[in-house]
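Chain IDs A, B, C, D, E and F follow the sequence of writing; residue 1 opens each chain.
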Amino acid sequence: MKVAVSRLEHFNAAHRLHNPEWSDERNQIVFGKCNNPNFHGHNYDLIVTVTGEPDPETGYVIDMKVLSDVIREKVIAAFDHKNLNLDTAYFKTLNPTAENIAVVVWRILRQHIDTKFDLRVRLYETERNFVDYPAH
Amino acid sequence: MKVAVSRLEHFNAAHRLHNPEWSDERNQIVFGKCNNPNFHGHNYDLIVTVTGEPDPETGYVIDMKVLSDVIREKVIAAFDHKNLNLDTAYFKTLNPTAENIAVVVWRILRQHIDTKFDLRVRLYETERNFVDYPAH
Amino acid sequence: MKVAVSRLEHFNAAHRLHNPEWSDERNQIVFGKCNNPNFHGHNYDLIVTVTGEPDPETGYVIDMKVLSDVIREKVIAAFDHKNLNLDTAYFKTLNPTAENIAVVVWRILRQHIDTKFDLRVRLYETERNFVDYPAH
Amino acid sequence: MKVAVSRLEHFNAAHRLHNPEWSDERNQIVFGKCNNPNFHGHNYDLIVTVTGEPDPETGYVIDMKVLSDVIREKVIAAFDHKNLNLDTAYFKTLNPTAENIAVVVWRILRQHIDTKFDLRVRLYETERNFVDYPAH
Amino acid sequence: MKVAVSRLEHFNAAHRLHNPEWSDERNQIVFGKCNNPNFHGHNYDLIVTVTGEPDPETGYVIDMKVLSDVIREKVIAAFDHKNLNLDTAYFKTLNPTAENIAVVVWRILRQHIDTKFDLRVRLYETERNFVDYPAH
Amino acid sequence: MKVAVSRLEHFNAAHRLHNPEWSDERNQIVFGKCNNPNFHGHNYDLIVTVTGEPDPETGYVIDMKVLSDVIREKVIAAFDHKNLNLDTAYFKTLNPTAENIAVVVWRILRQHIDTKFDLRVRLYETERNFVDYPAH
């Protein structure tokens, strides 16, 4: 009787898409306006989904307040009001696409969520662009 | 060629999270402000998903109007503008967490949706907290 | 050059519409299912709008963080996860309709927002029902 | 390490639900007001999900701009501000239910998205009615 | 102490923008794809705002259930799942732009809402296009 | 018979709040995490409202397509995927608070919208923070 529990959190960040091994011209062709050297930014919506059996004593799979606190301490504190390329260790050499941010967030959270639970993340870069990791 | 058809319905209810086998102190520690003895409440959004083959004559998996009527008669009529703990039989002894409400709603609807269809429910307690049952 | 600055905050509460000077029958006729003696509840969205001249040094009419803190300390702390009828002094004798809640919120905040600013509140009881005070 | 990438696009269209092999009376009974001979219409929201491995050089599963362009050229150009029954070849004999529109959209897009990727579509007919194809 | 009370209702309709006194060419130039002779359609969101003093006995400016019933009987019943140009008397000769629909809705409702109240309507044709009548 | 017509457009940008005449310490105290020297960013939603009489021949106050084109050419092209502080002339010395961005957008558009129309802008920096200029 597994239930999936989801919590939405939010962060605002600047970023730039860029592959340092490519020429400026190729970066411009591939990443277009997302390659702007002065950065641009987004309001990111992050949904974290934890799946498991509800505890019979509490009726909770996981306390959403606890889940929210973990996300805020481990992810939001690191990413909110930051420049993803310059201010975080994760994207010094990894391109901060929505895909890569989602994988990084999942890896961070996986260390702090009990392994008896499945874990998934959805990241909205805009209302029109979002990614899920791992994919179903 | 299975298609999943989803219908959103809505109810407003009061509830309180509480385990009667625990002390007041332990209830307060575990459930925090959700344990308020005078209750609090939510606008719940309920999405019911029915999966099956579209009927070649109608192009419907299930008529959404029929699905909406079943949800309203069997779930919304029982829960809307009610106190989940006091006014419904389901939560006399079961804690009305989002997880447990979703499982109860699924069990109610499963009796009224043809067994040839898969059935899932998603319940939003707030825009930031939601659950899915059964989990994928 | 006046600019209006708005901040959205949120609270979840139980309430009941009831006029103690009326018979139960009349209360039932006028307030219908909102008169449920065991209460029901809502996710309330509150938008507070402060209007004034931006400060030339900061570019702020009012720091939204400061505005958010005032709303949380003076309104959300009093109403969130509460029973409006039983747990707050404001609605012991005043019916907690959306209209009356908006007026009460405005009066609370008016004491804490500099009088050089205009002040308005919008309260969403549901996505489909909302009120503004004062009206334009 | 598969990631699912989703893009939301939009079209406005008129349609009518009708089975030409049935009597007018039966059409009216089955399809109700959706059978109106003069049509009605919707703002359709279409979410297209492509699943695969992110390219290590770009960090993209698929460039969302490229995905958006494919959807706009192959689907939106054909359906937006159109009468689905009269102006498109797809629904001359196929009833334009949400289920059938989703399957048609999937078949169109499947021809233009690399077969190394999984493909899914979600179609919102209204905020309260939506379908997914293929179902999980 | 005036409060504005707003209620959201919804209808789905087909329409076409066309001026019968103009040539087809001029209609095409001015109205573009909205001039499609076979119509297109929208999910319209209608917000009706009634402004007045809350009744001291009820705490209501107007009972939102009563307001909802008036909108549904007088507007939604006439427009929902209809072709605005062909199925309603209002737009036989009047072009069903969002502006004109809003004015027509206001005139219909003005006859059924007590004149002691101010009345305004907002009409969303899409999430990105909406109109208010009367303008502030 | 004035109608207000509104159009929503969107841009993503990086920015930093900073007063160059202040010490770093004072900037940090006043602007907090919004003062991050490496910038952060937002998905800005911009609503532009034009008020006037509908043209009797078209039923339009202003063609929303024309309005959308003006906003895109004059505002979105200048701000989207840009660093507001570094990439635009407007915020070289003006702090890019939501208030100041709204005033700048209004001044840009006022030059391109017929003076017979009233003009207002609303800018959402996040779902929870937005501003209106001019204020009612």
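Please note the rule applied: contacts are C-beta pairs under 8 Å (C-beta built on N, C-alpha and C of every residue); 3 or more make two chains touch, one makes a residue touch a chain.
Quick caveat, the model's predicted, so the values are computed rather than measured.
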Mutual neighbours - chains that touch chain E and chain F alike: C
Neighbouring chains shared between chain C and chain E, ordered by label: F
Chain pair repeating E-F, as identified from C-E, D-E or B-C when over half of the contact pairs by residue number coincide: C-E
Chain whose average C-alpha position is farthest from chain B's own: F
Gap in Å, rounded to a whole number, between the CA centres of chain F and chain B: 41
Between chain F and chain A, distance of the C-alpha-averaged centres to the nearest whole Å: 28
In chain D, residues with contacts to at least two other chains: 127, 136
Each pair of chains that touches, named by its two labels: A-B, A-D, A-F, B-C, B-D, C-E, C-F, D-E, E-F
Footprint of chain C on chain E - complex, ascending: 1-9, 49, 51, 54, 57-61, 63-65, 118, 136
Of all residues in chain B, those that touch chain C in their complex: 10, 12-15, 33-34, 36, 38-43, 80-83, 86-87, 126-127
List of chain B residues in touch with chain A within their complex: 17, 19, 21-22, 30-32, 94-100, 102-103, 127-136
